[in-house]
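Letters A, B and C name the chains as they come in the text, with residue numbers starting at 1 for each one.
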Amino acid sequence: MLLSSLTELLGGTLKGQDLEIIGASTLEEAAPTDIAFLANRKYRDQAMTTRAGAVIVQEPLERDVPQIITGNPYLYFARVLHLLYPEKPVEPGISPMAWVHPDALVHEEARIYPHVYVGAGARVSEKAVIHPGCFVGDGACVGEHTVLNPNVVVYDGCSIGRHCIIHAGVVIGSDGFGFAWDGQRHFKVPQKGVVIVGDHVEIGSNCTIDRAALTSTRIGSDVKMDNLVQIGHNVVVGDHTIIVAQTGISGSARIGSGVVLAGQCGVAGHITIGDGVTAAGRTGIATDIPPGKVISGFPSMDHTHWLRVQKVYHDLPDLLKRVRELERKVKDLGED
Amino acid sequence: MLLSSLTELLGGTLKGQDLEIIGASTLEEAAPTDIAFLANRKYRDQAMTTRAGAVIVQEPLERDVPQIITGNPYLYFARVLHLLYPEKPVEPGISPMAWVHPDALVHEEARIYPHVYVGAGARVSEKAVIHPGCFVGDGACVGEHTVLNPNVVVYDGCSIGRHCIIHAGVVIGSDGFGFAWDGQRHFKVPQKGVVIVGDHVEIGSNCTIDRAALTSTRIGSDVKMDNLVQIGHNVVVGDHTIIVAQTGISGSARIGSGVVLAGQCGVAGHITIGDGVTAAGRTGIATDIPPGKVISGFPSMDHTHWLRVQKVYHDLPDLLKRVRELERKVKDLGED
Amino acid sequence: MLLSSLTELLGGTLKGQDLEIIGASTLEEAAPTDIAFLANRKYRDQAMTTRAGAVIVQEPLERDVPQIITGNPYLYFARVLHLLYPEKPVEPGISPMAWVHPDALVHEEARIYPHVYVGAGARVSEKAVIHPGCFVGDGACVGEHTVLNPNVVVYDGCSIGRHCIIHAGVVIGSDGFGFAWDGQRHFKVPQKGVVIVGDHVEIGSNCTIDRAALTSTRIGSDVKMDNLVQIGHNVVVGDHTIIVAQTGISGSARIGSGVVLAGQCGVAGHITIGDGVTAAGRTGIATDIPPGKVISGFPSMDHTHWLRVQKVYHDLPDLLKRVRELERKVKDLGED
């Protein structure tokens, strides 16, 4: 692909000579037939020495290498990757080694791999791909162009929208965690609701999303979830929200739109996190958070405040020493 | 179902007129044919405006809506749900698309779905249900009325009691984490024990429970585990204990009965947590804890103490300022 | 097996009379025909009263029981276990209930269980064992003597070395977490790299290891990973490194050789952890760490410093009181 074809299709300004590129790689590992990108200043030195045939940059490099200049090199690079490595087309069909209930509706353009189970009344839509070992329960729905990677489990009645990517081992619709002590043992509160996942959602491997007790656990559209995330029953997650690996959200919490929860965060039950909130890694959120806040720590606080707290925290032994010294001096002063 | 039939079957006092209800729902989403419940004060306003045909309450609402008054509305509601939505009966039989070892013992009243593997000498008891994609290893046991949801793995020799619900993707009996450095590499300590799970246990999706090195990892009866919980080898968990999502328990820890470990707790190896201990979310427990304690923080401390610590912690920048001010003043006093 | 045969094969000094042992167990549960070991002082009392026929110890017990004295009783015991309970030999063959692509290369000495899927161009090597429900994607490789326990997923193009043990539910090669905001939604950055796992690696159940964006996520040889660990894309883990349960490593982090990350640690993206670093449980690592450090806390600090910080932290309410008292006294002094 010519660099000039890229700028024609995707915009950006070509600086330097035109060139045909064959692949895409990192600055460090690129060959002269590859295109690479610079998005993080940390790697600027690599950009000055890379063997890549061309580099996508925000600011022109003072170097005689063909460059595409664009406002968002990472996004641009992602688009180049889609052009260079298009998705394999879906080969439709149902494997004879899959088990599909006669009352399930599988679109003729969908693909069902071996060792898949599709229950009664389930619906698998056009161009959906259900990889080996998946379970699609009775009455469950998989939308158009959605991919279930191997060993995904969608419990009865849950639905996943269109153009979603669900990674291996994800469980959608297991029972919410609800018990009532009856004086002798924990009596199970039946979990009769469902999970509803929007469109363009990606869910990382081995995540777990519980069904609602009565209504629905709802994951908005364009939500991106990393691996091993836990979503409790009745949780609502707004559109465009990002949830990084190993974060857990307790039951009935409401997460706004455009929220970012970094890795290993925890969210208490029944609280509300406003739109556009950003929580740094490991934040423990136990109270409602107004929209737009940037928070850290446990219990969570404003990120800038947390930075100041951490500084004092780190020097606590020194602070104790200073207090002891003061006590000594004040005692001396009092005795004068 | 008539409200009067409910009070006849389940107790409680009917206030207001009798009524037939068809379903059950939340205060917020209930229709006039639904029954709802109020257990959390936070939702009292909703109870005053709900469209529900009837409400289960602890204290009578000053409102002209039929009410059932009972000491534990949540438990009562759970019982109503069991009445309104009874479990589907188990249809016995072994799918021809399952693989069952000729030496396995599968009760004729059990159900084995497609894509299941049952090993030599394994036992699947009466009314047990093994969903698609499950693995029941050689000599493993699944008790009466126990349900393995899809893709559960029970390694060789492990056993699960009666009336358990094991959610999708759970792994029971993987090797404990034991290695001995031999000077050149980590030499594997063979894990020859098993896991024994009691009766009426529920285990959330994608939990992992390791087999003991030599003896058994033991999960008591009526234990309830949320999703993504990790249990190390040789751990013992007492009856009625609750373990919330993403908590991890290290090898050889002993957890008492009636313990509650909230979400994202961590328990160090070889320690003992007494009966009735409650640990708040994210507690990191590194020492033995006497029975009945309520603990928080990392390293864990009495919850009430932790609350006071957190308050000072949050205001550390202010405390530092006060110490600086004192230093200035004391210096001035000394120079007078 | 005679104790004298053990010392002949494995070294160590026999103290007391020779004896035939049949099994191996813990000090607490051993029968007179079992051998047990003492490696942790905590259990010394048990060693003095155990019914075991023989005990492996570092220091001789003052007790009339046959003992094998060796520098590392735990390692010695592990070797004894391998002798007493040898692995079952692999019975080669491909189950007719597995689905193996005609272009896959499965060694005739490998074992493929029912409900397995092996994709085009995949390679399963000599003596490899692929348990039920596993997925080996197109072009993926499983090395000699490597065992995939049930329901392991190896995505297309990923490779696992020789003599590895991959526990149930592990996902290797799911997409790294990469998105670029395009002004309207999160645009997926295609993840075109792979995962490469070395030799003698053990990976605990339900771990997730993401494929690189472009190049490879690399797990060195003799790496041991506990359950529910998350490894982001482009991470490099050095040889002999130990990663305990529920730890998460963010994208592009580089972990050295011989590192120990205890349970529930978190590692930020794009940082470097030097060889031989040890991080205590729950350490949150956000910056580069030089080789050999022992660290704790969040943000991480030297472990010894952290111990002192924690002490002051625990007594913060008292410190506040002392500052208040000082303020009162200084005020009084000023008014004199």
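We take it that contacts are C-beta pairs under 8 Å (C-beta built on N, C-alpha and C of every residue); 3 or more make two chains touch, one makes a residue touch a chain.
This is a predicted model, so every value here is computed, not measured.
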Residue-number overlap at the chain A/chain B interface, same or different (half cut): different
Relative orientation of copies chain A and chain C, as a Cα rotation angle in degrees, nearest 5: 120
For chain A paired with chain B, centre-to-centre distance based on mean C-alpha positions, whole Å: 25
Per-residue overlap in chain A, given as positions that touch at least 2 other chains: 97, 115, 133, 151, 169, 206, 228, 246, 313, 319, 323, 326, 330, 333
Residues of chain B defined as touching chain A within the complex: 24-26, 29, 40, 42, 72, 74-75, 77-79, 81-82, 85, 95, 97, 113-115, 131-133, 149-151, 165, 167-169, 200, 202, 204-206, 222, 224, 226-228, 240, 242, 244-246, 263-264, 281-282, 310, 313-314, 316-317, 319-320, 323, 326-327, 330, 333-334
Footprint of chain A on chain C - complex, ascending: 97, 99, 115, 117, 133, 135, 151, 153, 155, 169, 171, 174-175, 177-182, 185-190, 192, 206, 208, 210, 213-215, 228, 230, 232, 246, 248, 250, 266, 268, 270, 284, 286, 298-299, 301, 305, 308-309, 311-313, 319, 322-323, 326, 329-330, 333
